[in-house]
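To start, the structure itself, in structure tokens.
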Amino acid sequence: MKRLAEGSFVPVAVVVLAIIAIWYAGTIILNTPWQQSVYARADLVDVPLTQFLADVFAQQRPVLPAPHQVAVEFYNSVFNANPSTPRSLIFHAWITLSATGLGFIFGTLLGIGLAVLIVHNRAMDRSLMPWIIASQTIPILAIAPMVVVVLNSVGLTGLIPKALISTYLSFFPVVVGMVKGFRSPEAIHLDLMRTYNASGNQVFWKLRWPAAVPYLFTSMKVGVAASLVGAIVGELPTGAAGGLGSRLLAGSYYGQTTQIWAALLMAAALSAALIFAIGAIQSLTAKMMGAPA
Amino acid sequence: QDLYPLTFQLKWVNQGQFAGYLVAKDLGYYEEAGLDVTINPGGPDIAPEQVIAGGGADVITTWMAAGLAARERGVPLVNIAQPFATTALEMVCSEESGVETTADFPGKTLGVWFFGNEYPFYAWMAQLGLSTDGGDDGVEVLRQAFSADPLLQNQADCISVMRYNEYKQVLDAGIPEDSLTLFNFADEGVGMLEDGLYVMEDRLEDPEFVEAMAAFVEASMAGWEYAEANPEEAAEIVLNNDMSGALTLESQIYQVNEAAALVGDTPALDVEAYEQTVATLLSAVSPDNPAITAEPEGAYTTVVTDAIE
Amino acid sequence: MTSVVSAKGLGLTFETADGPVHALSDVNLSISKGEFVSFIGPSGCGKTTFLRVIADLEQPTAGTITVNGHSPEQARKDRSYGYVFQAAALYPWRTIERNVGLPLEIMGYSKADQQKRIARTLEMVNLSGFEQKFPWQLSGGMQQRASIARALAFDADLLLMDEPFGALDEIVRDHLNEQLLELWAKTSKTICFVTHSIPEAVYLSTKIVVMSPRPGRVTDVIESTLPRERPLDIRETPEFLEIAARVREGLRAGHSYEE
Amino acid sequence: MTSVVSAKGLGLTFETADGPVHALSDVNLSISKGEFVSFIGPSGCGKTTFLRVIADLEQPTAGTITVNGHSPEQARKDRSYGYVFQAAALYPWRTIERNVGLPLEIMGYSKADQQKRIARTLEMVNLSGFEQKFPWQLSGGMQQRASIARALAFDADLLLMDEPFGALDEIVRDHLNEQLLELWAKTSKTICFVTHSIPEAVYLSTKIVVMSPRPGRVTDVIESTLPRERPLDIRETPEFLEIAARVREGLRAGHSYEE
Amino acid sequence: MNGWIMTALAVWLAGWGINEFLVRIRTRERAAASAINIAVPVIFGVVLLVVWEGLVRGLNVPAVLLPPPSVIWERLWASIPNPIWPDFQQTFLKSVLIGYAIGCGSAFIVAVAIDRSPFLKRGLLPVGNFVSALPLVGIAPIMVMWFGFDWQSKAAVVVVMTFFPMLVNTVAGLNATGQIEKDLMATYAASYWQTLAKLRLPMAWPFIFNALKINSTLALIGAIVAEFFGTPVVGMGFRISAAIGRLQVDMVWAEIAVAALAGSVFYGVIALIERAVTFWHPSVRGGR
């Protein structure tokens, strides 16, 4: 019992329950105006409270769907739909996941590559860093459609444009983290290498790289979440090609609020799962590298 | 024998609006015509004019106003056929707004679609002499997302709808038809031709391409004919092509029916309607609405439709 | 006797934001093969800096220095010295064995040779059995011994040790002092040894260099008259105490409390 | 004589992932007002832990302890002791002056009083003139002195010092030892002092507590026979050396090399 | 090969050479050193623009795909009074700044509030991470539904986006205090608030500024993208999207340039404040 209270299960459960309670309250508040106008059109007066609640929680196009509505939609589109058809959220999650994965791998490699350049070349350090920061202030999300079109015109279609938007968003945390990581060895550790007359390569592989591993994982966690956002945004313009992004958007065209929320839930679950997976690899690596349990 | 490859860029996601093309592809009409057609769906932020300029498509559908605007910006688009002979853009106002006639517009908030869809609206306001910067003697313009929500949530007094899509959504939400006020852009004298087929001008110098286009247009019209006759089956086909899984059969049957009704007897461009569109656009030139500033030259051709006859 | 380290008029000034810091000035010193030289002096007098100059980790700004008759850079490239830092500076992601093997990997020793040398040097510092442990699983003293093993693993004739026993308690320190003397006697290495402790300096050295700060310079060089064979209780002999007194004298002379 | 610290059957066991660590076990000790008590013992024998128990920073798991006749918690809330940690633990965003003033701020001394006390204690540790420097601009020894000043700034009768001079060189250490004795004589504070150095313990204390690890316990309590007046050269007297020998004996008995 | 591309290549090589030369200069003059620090990235940026111009012109890239910088500049300059300045006011001065202040401010207060409850901390942080993983594009239409189509809904999106990074970092920062420092406060029997004000907050600043910096770019992106889901006809996001639809790609890039500049300045200002507040931190004091 004490263990339970000290772990994070109980606190998380309590917080989640609180959120659900607030959510239900919000459902009532936000959906009441529409419900009243429905009653007014039907000339209904003095609707009993239970009937009112039942109606508010079962609207076709709620401003805010009730948690159970989202849960049912989520369940149906995950478990009751053939995962190889566009009716299934699994189908869309898979499309988004592949773009996320590809973009994330590109982004991580690009980030590490740039960090290596920055750490080893002063000119790169000075000239690149301010522009890398500035690059992230470009609202890439806003011009994602244009990027997709332009890439299409040079023959890049399908997964690649989405993955490149993911790359753009995910390389930044990796560069910043890895520059820090590659520079994290203390002066004395570098001096030690110098006394051995170690080559640049040896210093990198035997010192800088292992020292940077914790930073790598931390920034990869941030990066993978950014990748997912990038992939989803990249799917918006290519609305009909599937993926959670197109699902979100289609939901909004056809007024399917509940479907939007289910897709949102799936997106958040996906990113939580990805972050968790990286965390698992991180602790495995840490164990192999001798970190205290 | 070898099929002639064609890439066709839609303006919007696969839906009943494009049923004719999807049916033609699905039933093999294009193949029979010697064509290998790839249909690329569009989306809210895909500008087909940009896609074709970048070489990403051989032929696109877009609205005439947007096509002419692109031509003036240096993308030499040419209309080769006009399957939609009539227009479906409307503005619908809620009961609460109190709008009954255009005289009630001042002081109201109107939802407008941008991204090349705004030209008819600005032409209309210019004709009514209303400013679009808000205030009591003008209207306030809201950039409407591509949905009917602003009306349902009372954020706008009137919104833009396509007769075949959002209008149905408004009705489906439970709002009675007789409580709504509907303005049809064509009836207001600012109708502009909608879905037409456009290609890059230089491609038309190639007779083989013209021939392929003729085959394409002909097969597409056959697709439309089939869709009109078999709306359920056409809606099924649309649904099979929907990658979002968000469409419902019911809404698509409705949409196919409505869209097929827009298709004229002939794909040939009605020159009178073209000139009307141009005249309306030129009558409303303003910094907000720089669709075109001069009479376009060579913006349409009949070589393709002539080749069909 | 060949001179292993020979400094003439050596000076080193650090340029800092607050102006120049004269870490070393006009240092003249010659160290012969097989000597055990201790450097003692108050904090900031340039002991570490001098060792770092020998190791080619700092560049002198005045004077000349040779190591094994060459420039320090050449000596470093020849891998002719082993350096023990003030902190153990073990790599936390390597086991003790792999830490000791680090210089051997870098210098390209064969796997078998590495294995042999690691075993031998760990034996020497009494760490056999801890090969597979990670640094954090060892006490500070054991870590420091591992770092000494690392410097001994390859056969450098010159050993530079910067307060290697500073963090240890007296009993462990005594023990390691004995061991170090034994090693030195066996291998006839040349050793430069920085310490804060007068008894330690006197007990270990054949030559004691007393330094003073601002600017860092050598104020006294004391040749020890003690025999090479030194049991621990030599520290109670009058001869020992006399040398210790002379060192303390030299130290106090150059001392300023503000540092 | 009143008992300032009185421990009876005191024990403290840390529960860790690898099982319990017995940091202290069955410690019986009484410290009277005005005493200067040194704690000496190998690393890990529980010296720091004992001081922390007195300071109410750890809770004993067995036995009882009183400070000034009350519980340690009460004593802490009465602000009846000053603690000098092994590391200086100065706040880097405060100048030396503001660091020393920190406890005064917290305890609500008036601005003028703060100013006076800061000046006086900085004077006492020879840091006048460095008021406006930030900690990182000072050497390790100076930082340690600032942290001593911080503990002296308010008038606690009990001073807990955990190896305060560990990082300093012998000369500075001698000097501070002298100063500390002087302060102690002047103010008749009670001082608990952890050290690794036998001469330091003998030189300073009226009572030397020798501890040994696993589990941490007190193996010997040596009452010093030296007079309260102690010039530095008392360290060469036979009496001094005899006590030192006894301490060394006690230490060696409880020592294991692997730690 | 054609002239434009050759020129671009030459400028690139020259710029690279100059930079390699500049970073090797060792100077004692502070002014000279900081001049070099500014010159190097500026040269890099200028080279980037010249290469862009050269490639676009040399390869005849259609202007509706990617206009050359000179054209963008002309458009930018001509459009500052209208529509760029009104757009900037709407998006940056209203949506971004207000949303940023509310988001970061409330997250800070919540962090301090839950700091005393380990239970809440353990419960809120995982949930917070989950919520912050919700893609912004999903929240934006919902916020428009809730807060209307004017800047309030954009500010709300910014609030949601900035809240959790700030919360997580502030909580981490408040936990960053070392044991000795906390023990020191305990020996003074300092109260909770005294410890917070004199120890834990100063220790937390580096973390908090980390979040403030991340959020400065997030906020701008969030506000712009949120404008895709319904706005009045003003705002940088509106303009970008509307201009793409009209194939005024030079206008799109002009707005992007303004956004990048505003974002960089915003980031820079926060970074400057950070330097002043955490002057004592090793990463600011000196470092490599």
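Order of writing sets the labels: A, B, C, D and E. Residues in every chain begin at 1.
Note that contacts are C-beta pairs under 8 Å (C-beta built on N, C-alpha and C of every residue); 3 or more make two chains touch, one makes a residue touch a chain.
Remember, it's a predicted structure, so these values are computed and weren't measured experimentally.
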Inset, instruction - Provide the labels of all chains in contact with chain B and in contact with chain D. - result: E
Inset, instruction - Give me the rotation angle that lays the C-alpha atoms of chain C onto its copy chain D, rounded to the nearest 5 degrees. - result: 175
Legend entry - Higher-contact pair (C-beta pairs counted), A-E versus B-E: A-E
Legend entry - Centre-to-centre distance between chain E and chain C (centres being mean Cα positions), rounded to whole Å: 50
Inset, instruction - Round to the nearest whole Å and give the separation of the Cα centres of chain A and chain B. - result: 35
Inset, instruction - Please report how many Å separate the Cα centroid of chain C from that of chain D, as a whole number. - result: 31
Inset, instruction - Hunt down the residues of chain E that sit against at least two other chains at once, touch-wise. - result: 65, 141, 145, 228-229, 241, 244, 249
Inset, instruction - Give me the residues of chain A that touch two or more other chains. - result: 63, 145-146, 149-150, 153, 236, 252
Legend entry - Which chain pairs touch, all of them: A-B, A-C, A-E, B-E, C-D, D-E
Legend entry - Footprint of chain B on chain A - complex, ascending: 33-34, 38, 41, 60-61, 63, 77, 81, 85-88, 91-92, 144-146, 148-150, 152-154, 236-242, 246-247, 249-256, 259
Legend entry - Sites on chain C touched by chain A in the complex: 52, 55-57, 76-77, 79, 81-83, 85, 87, 89, 91-95, 102-103, 105-107, 134-136
Legend entry - Contacting residues of chain E [partner chain D, same complex]: 178, 180-181, 183-190, 194, 198-199, 202, 278-282, 285
Inset, instruction - Mind listing the chain C positions that touch chain D in their complex? - result: 41-44, 126, 139-142, 169-172, 175, 196-198, 241, 248, 251-252, 255, 257-259
Legend entry - Sites on chain A touched by chain C in the complex: 186, 188-189, 191-198, 202, 206-207, 210-211, 213, 289-292
